[in-house]
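A, B, C and D are the chain letters, set down in written order, and residue numbers restart from 1 in every chain.
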């Protein structure tokens, strides 16, 4: 029996929750309580109900009186709705090569919104202002799709966070070049938590930084389902309700979506939950960073780690407690925490990692 | 004070629930219980969970071993996903002028699925076999979009039900002409209830009649949200999972959708609930049919009435208990019942109608 | 031998040209001369050449200094480019049930421009202002595609001509409702000829009437190929060059397209040629109208007749000199003249018709 | 006066034709003669004419009895038609980062064909088999658009030519992975000339190598306008005629397109003309390669050079005789010859280059 097989055979107890994704978590109890509480009598469909009015008002409170929010089903739908609303035939969208809209949406932006994506290389899935400027040669040339939207992901698909200043600079360059800025905020809660944990922090890197439209992520933050598209200037939103319906994102019994939002946005629950998820990743980082066989990227900013592991250890560890590969050739995996990850989960997981990968025994 | 004003001022107590739509109803208690019960620990996202496996199996039990079911968000999404999966560039879809895909989906079939609709006139929103045959001149002519799918709505947008024989005849003609048949079953539960109230009845007008793909409606039947697209032959489903993602219909935390289905499909709850809704409409019909000022269409088959009313009475009646207009010029409205409409709701509503519209006082 | 067979066997000499379509005609000699003359040395591609500059200037002279013209390949391309430039997701286009965009473009408007068509019934393929107003109930409702463009065909697919006043009234209603007006001018030359035969006539029913964008038909008027899309207000044209390229309508060696236009527009050749085509149809009408077996619609305005004929005579007559069916069930056919139809063609054809169909012998 | 200014002031006589593009050339005289000769009487529209039948037969002779050819307007249209015919919702197309479909078609593939492009890096605009295999991880994953077509450009956008063996290997890998192979043959004539200059050479790298569909370029080869889409297996072509119409590529007076093809394909004129264009580039390469200030890529295979030049010389040289930039930052330009470039043009141009750039005076 090899040493690895021996270690596998003697793994400590597994955590109660795996580290696969914040999408693998359930819903916050307050959120489901609110969903159930909305099941009272009749309410007009398609958003003409009091729960939806409240959710729209809560989002307007977050993003200011010029903003308009539309509740939608899911993240791909939110992104496609935002892009379809902002673009016309012949338009292109600048993003990074890691962007969810580019990698993980089965060409929905191309086919449903009708845009071309212009993915840019990036080590941390963040876009740089110079990458916008480098597209200037496309502008005004009839043979090239015209970049009219910049889409950035906050926090990024590689767990990096744009500071408010970084967003502001991107917006400044984009607007100067005649482009609008879309923020894919699938994990905007984690970014908000990382940047101060307050509504003021949220505003600093969105409305105050000059962002034009946001996919406000709520499912990963703790809903059973539901996201929002928030237009930060009224003139951008005039056609949005038709686009929402056309891209299949209009819920009939919308109160069940809205009620969840109302619970999530109450008393900053969404920020508190994300702070917890981020903290669990910090803890996991600290508990595994000293292991020479676990090669982390930089210290985490939000709720994910992307460690490289010894190849032979990956499958045994995954079988013990599930997580996803990130880059198979680089033996890089992704460990992700969520609102319901417990300190005990983290400690058990780190204990298993140490058991399997520590070199000093 | 006029007689009408006098009657308005003395209306009896309003019902607890209005007659606006089955979309205005909430969710069945069993459905929400199941949704809440699914909120236990982690489960892999995007359908790799046990609730989804169970829901897919339950739908396969309904429609037979050759069928494949995909859970989706909403009815427009289900229809668009079905049509996009079955069609190619240059294709058209035959439907009636009343079809939801034509009237109420903000051109999603045209823009997202890329098909042309060929709406046919119909007094009851049912399609006739001769209307398919009349499109034969389009086939093989390069200037015309090619009709390759027939979309019928069961029960129809005007509350009519296709018998199993009628569906079979449409399928026979469609298949002979090289076309596939899509059934928009937004109210397939009500049709099943009307045609015998059993799984055998469902099968008789779907899989046994030759239908190719079904939008299986579940929201109106009692879910908080959720529909299914069911392909009845394996070869039609091979590309469907990519299309579901592309048309924004893939749920991340899919267990919350699947768990509802499992409750709805358990012990034929979906049929029982629809039988009740249908019965409430029957009762309302009987309680108002004798009034000469309320002109009904034929006796209802499912859960909706489309009466014509004296113009001056419509707004006062609506203010007392809400319902939607159907054809403003014809003074025709729609009264719709749902799984939660009570006998008391119906009796109170009929009493109000009689109070306002009876001519013999 | 029956009388019909006897007549068939003794038909007089057939015309040199059939009456199938103005698309069956060749190109005007002046047009091909100009095309050949443009084959001199090198010229920058994609329109950066002097022939294109001249053609754009000639079209600007026709439609005024606020207009912008784009040369394109064909009529479907012109229409799709116009509609794609003017619309956004969720938009619909009002037209008649006979509209070429609805009947004969293989769903290109739906799939490529992404619009829903709202075809209206019409006895003469002309749209009525009241038909626009009847769509007002769609406006502002999220479930309905929003009518934002009205597309009228001048002259219509049934050979009818809108007067300048009629166009102006449609434009007035459309604009009041927030819609733009597209004129499919596949046979705008024939309409111009019918309404006075001058550039002033053209202007009266286009720019002066309030039309927003025109598909300016030139192929049927005498080109080998080529049409133009003319935007009558600068702000409508800002994105048009990208759309032209995207919908595959940008010619590389554009001088060969532009040179033809320059010949066609020189000295009103396009109007003179259309006057001739119209006159040939008038002559054919006069020579066949007295036959009781040939049932014409109203006296022709442009270059087509839609007579109903004795069923048994249609195929023999077609074999002798080709034309297309229009409505098979009504035994209605279409006879069409073109710029090169001669008086001799017409007289021979009428002689054949009389030989076969005269009842008095 | 600087030495450069002095040289500019004393440039020798400029060539009669510039080196901008093979799209800047006119049409072969035989081609225009044939176009003019087709202007005789009436011919049924949309391809039901004898010229089109001949052109289709000539292309079938080139590519074998299983092939089916469709005449179209232009290169973008040919590519979009090919891709739209071969793909379904959720599909992606693998190409290089230099591919015309990616760089120069204003997102027509994305918006009109509805596909996602997966551009791969390449030093010579040729795709490598390993780059196909590297996409295998996308297959079968619902979150990713499915690569179902590989599009290669022959000769490539950087003037490189795939050998028959290289194409065969790409086809073998593609087919093994379940993908079809599209060849963008905008300059297929130049590649044919480079690979042997015979129909046999053409067949060796197309039908015999396993290619599935070809955009057969004819405009650059010497037409005024016109390309063809050739499907090499019958089952791929069954829907193509509807797609051609839908993507705006169906010519009404198609004889004027077909007649040109018939002249071009007669007696291998297209190959002879391309051989000449290639030879002119070879000559220009030899006449400028010894200059140390002109840094060529490898020896040219077809009709283009991509030299890097001293920055200060580019604009003066361009003003004297036009050409396009290729990579502004690298001071790289493109010199391109065409069927009508003369030896005198080349010698005059080389003389000017030497005059301006020679360092030894």
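A few points about this structure:
Rule of thumb we're sticking to: a residue touches a chain if its C-beta (ideal position, glycine included) is under 8 Å from a C-beta of that chain, and two chains touch if they have at least 3 such contacts.
Computed from a predicted model, the values in this text were never measured in an experiment.
Looking at subunit A and subunit D, the chains that touch each of them are B, C. In this assembly, the chain whose C-alpha centre lies farthest from subunit C is A.
Interface comparison, B-C versus C-D: the higher number of contacting C-beta pairs is recorded for C-D. Centroid to centroid, with C-alpha atoms defining each point, subunit C and subunit D lie 34 Å apart.
Chain geometry summary: the mean Cα position of subunit A and that of subunit C are 52 Å apart. One finds 42 Å separating the Cα centroids of subunit B and subunit C.
The residues of subunit D that reach two or more other chains are 46, 89-91, 105-107, 111, 114, 142-143, 145, 242, 245-247, 250, listed in rising order. On subunit D, the positions that touch subunit A within their shared complex are 89-92, 103-107, 110-111, 114-117, 137, 142-145, 328.
Every residue of subunit C that touches subunit D in the complex is listed here, in rising order: 16-18, 20-21, 23-27, 29, 32, 35-36, 38-46, 73-77, 80, 105-108, 111-112, 219-220, 224-225, 242, 245-253, 256-257, 322, 338, 340.
Within the complex formed with subunit B, the residues of subunit D that make contact are 46, 84-85, 88-91, 113-114, 142-143, 145-146, 239, 241-247, 250.
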